[in-house]
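Chains: A, B and C, in written order; residue numbering restarts at 1 for each.
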Amino acid sequence: MADARPSQLFRNKSAKIAAIPMIVTALFVFVGGTAWTIVYSFTKSGLLPRLKWVGLDQYERLWSTKRWIVSIENLMIYGLSMLVLVFVIGFILAALIDQKIRFENTIRTVILYPYALSFVVTGLVWQWILNPEFGIESIVRSWGWESFAFDPLYNADIAIFGVLIAGLWQGSGLVMVLMLAGLRGIDQEVWKAARVDGIPAWKTYIFIVIPMMRPVFITTLVLVVTGIVKIYDLIVAQTGGGPGISTEVPAKYVYDMMFQANNLGQGFAASTMMLLTVALVVIPWAFLEFGGSKKRG
Amino acid sequence: MVDITSSQLSGPQGPKPRKALSRRNILLYGTLFVVTVYYALPLYVMIVTSLKGMPEIRLGNIFSPPVEVTFEPWVKAWAQACTGLTCDGLSTGFWNSVRITIPSVILSIVIASVNGYALANWKFKGADAFFTILIFGAFIPYQVMLYPIVIMLREIGLYGSLTGLVIVHTIFGMPILTLLFRNYFTSLPEELFKAARVDGAGFWGIYFRIMVPMSLPIFTVAMILQVTGIWNDFLFGVVYTRPESYPMTVSLNNIVNSTQGVKEYNVNMAATIITGLVPLTIYFVSGKLFVRGIAAGAVKG
Amino acid sequence: MNKSVEIKNLDLEFGAVKVLQNLNLDIGKGEFLVLLGSSGCGKSTLLNCIAGLLDVTAGQIHINDKNVTWAEPSERGIGMVFQSYALYPQMNVEGNLSFGLKNAKLPKDEIAKRIKRASEILQIEPLLKRKPAALSGGQRQRVAIGRALVRDVDVFLFDEPLSNLDAKLRADLRVEIKRLHQNLGNTMVYVTHDQIEAMTLADRIAIMRGGQIMQLDSPEEIYGRPVNKYVAGFIGSPSMNFLEGRIEGDVFLVGDLAIPLAGYEFASGNAVSGEASLGIRPEHVVTGELVGNAPFQIDIDVSLIEPTGSDTLVDCEVAGHPFRVRMDGQAKIKVGERLRLGLDLSKASLFDKTSELRL
């Protein structure tokens, strides 16, 4: 009897073969690669990775480097502003478009197209528009407002907001589309019921619709946050980190340390810090989404 | 019996009167108009700047339409613009991007679709564990895995080659594409799969004869997602290839942000537009499918 | 009886959940067996096990005296018809019918012959070149049956094949499936939650609950002599009335009523006593002129009337228990009216209070 049973290992053989790339990627690249980087962040690797342990030295150096501190500050400022604004803008646009308007497709298409462009293209366009010699500043001045000053890319104090403008332009369409999908996913009878009950539209949005869209908000949040942490190309193209180090970000710090400064250990430590940042957002989310889902059925 | 015909109608009757220019409508369409103009403006600026000559740029403002239309900046951006050392414009980068994008898109979609199909219909022990790792992997910042992959590619002798970059794109496209395909195949009626098994079709038979012909929309979505994603990539291009095989985004950045020579803004904008042309075309042609593609990342499995 | 499908000590677990428990079932050659139960009772799971679409945890499945417990679905000699039709949308009807045969590498002329025969039997010849999307629900289900038919197998498995159709079409196709069975003489295993389908089609019905077979019998037996209170309540529409009381000697005491048990056949042959439920089907209550013939009579107040056209259902109370009576559709009654009912226990059922088994 028992010998007739086909071996468990070879059952479903084709499916297992088909999953090999996934298994290799998951184990070797994602788990293995991450573990490797974390391990080597405790070493004195320079031009080449070396297993010479230095404990937390790399992290101490990292947190005493001005450029890294500025990078983290920039990420915080950019991240928080981006998060708040992209949600506010995205939701308001979605709510406006959801009013059964004419030209819906055209408007949606125009708002979303920047998302199809690369960060490099985005950064370069806004570099041009924000150019004080030819761009917005010079135009407003030519209208007669001689003292008008708007040169975010040349003013270290506000340079990161110049990047923010470009980031919002590129990314708010995505949030708008997701929010719109969320709004459309809500049962129309909720609106009818609210209308019969005489609840004003803004109240219906805040107290009924937005709470119902919780899943959409959470997944959008995760998408936006992971996108913010990864921000790199936009900075490289738009400001190159300048003026000075005023628009440096962690991802750029990692790249420069690894591939330009031959200081791998710093790169590993910095990227591990980035991982930590993402984990702080993703793990609670995963817990809420999947851990809690058992209770909700 | 009620006599309907003789009853007199008084008070409100018939359709409710509506003002086309109500305050609400003015506000609504006004806001949307301003927003639309704002979003469209950069594209407009790119186009008009790229069609002006340098003297006109220095004189006028960036929003004014070109007085004298010239295509010279486009020609220059394509064939002559300098990236530090070489001066052969974007054309090299363009063809590099083509040579990177096509195999990457094909390979990543083939692998992810077969894998998603296995996960949806042929579950085996442990499959879900690997899949969970894969999905969480999508959230790991690329920077964490950059160097280990450099080592892996170096070990197999592919570091710096286009093949190596294709593998990298396949790896990082895998989480989202696998999720996309798995969810799609799961949404197909399970009974179809059962019927095909009763009919004696195996793993590949069901995939090619039943699943693929039913899934053309999702393959299109995946293709749009991958073409735009890979075309727009900058980081992997700069890390895993050598200067002679840099993709277009990297060449573009090098052209525009090169510190040598006089800044030719019209050429820069022409180059920027040319680089954005491929994803923009895909976006405007595919319309709804593009939206479906990006929303796929947000729809949980 | 010659056995067509044999299921021996079958267990199926999904993780910690036991879906099927130590299940035994023998199906005769040419028999029409219906697996009946509410959703989640394991009936479809059992059918999927027979088809080989689910791996069993323990036990054996034999089809035509061959142990097929680990065989691929296509090697078991079965054809299967699904609830959602499961037609391959990109193939036309002919392609759907031939897909399995091509996979089995049958010669072309044999495939053509079989398709011709099946499409004649099911009258789908004019549809052969059409895609499933261009077919009506009834036509699709016919094609789905055809796909099982061309396989030229002995055992047909039906997984709720009529549930997606509207009421009228369902009745028509039901008749057709019955006729098909009469003409072909194949073994058919048919899963449904619709008791009318089960009663009309089956040679035997297996009533399932919680992964076990409660009763396996002919439709008449199941209707007339349900083995336990669950089966009694499940079969019959409107469902059986239950009066909770006790048996003492030859009467059933409920409230202040003493209903004589004369005419009731006890399962053990001998009368028993103790706490019990008395089950009486609404259609077995006598009303009108024949009341006088019934051994026990009672007057009730009509509390609600539900006319269905052919019948009229009357709600009332008997000894504090809700009670329904089925009357002729022509009967003229009003709410609040007093009505005399006659009870005949020869058609009734008695169940033990704790074990709920038939007494």
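In the analysis below, contacts are C-beta pairs under 8 Å (C-beta built on N, C-alpha and C of every residue); 3 or more make two chains touch, one makes a residue touch a chain.
In UniProt terms the chains read A = Carbohydrate ABC transporter membrane protein 1 (CUT1 family); B = Carbohydrate ABC transporter membrane protein 2 (CUT1 family); C = Carbohydrate ABC transporter ATP-binding protein (CUT1 family).
Everything numeric here is computed off the predicted structure, so don't read it as measured data.
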Note, CA centroid farthest from chain B's centroid sits on chain C
What pair of chains is linked by the most C-beta contacts? A-B
Roughly how far is chain A from chain B, going centre to centre by Cα mean, in whole Å? 16
Using mean C-alpha positions as chain centres, tell me how far chain B is from chain C in Å, no decimals. 54
Distance from chain C to chain A - Cα centre to Cα centre, in angstrom: 57
Complex contacts: residues of chain A adjacent to chain B: 8, 11-12, 14-16, 18-19, 21-23, 25-34, 36-37, 40, 49, 93, 96-97, 99, 101, 105-121, 124-129, 131, 134-135, 138-139, 142, 169, 173-174, 177-178, 181, 215-216, 219-220, 222-223, 226, 229-230, 232-233, 236-237, 240, 250-251, 254-255, 258-259, 264, 267-268, 270-272, 274-275, 278, 282, 286, 289
Can you check the complex and tell me which residues of chain B touch chain C? 189, 191-192, 194-201, 205, 209-210, 213-214
What residues of chain B sit close enough to touch chain A in their complex? 28-29, 31-32, 35-36, 38-43, 45-46, 49, 57-58, 61-63, 111, 114-115, 117-119, 122-125, 127, 130-131, 133-134, 136-137, 139-149, 151-152, 170-171, 174, 178, 202-204, 228, 231-235, 238-239, 249, 252-253, 256-257, 265, 268-269, 272, 275-276, 279-280, 282-284, 287, 290-291, 294-295, 297-300
For the complex, give me every residue of chain C touching chain B. 48, 51-53, 72-75, 78-80, 82-90, 99-100, 103-104, 147, 159
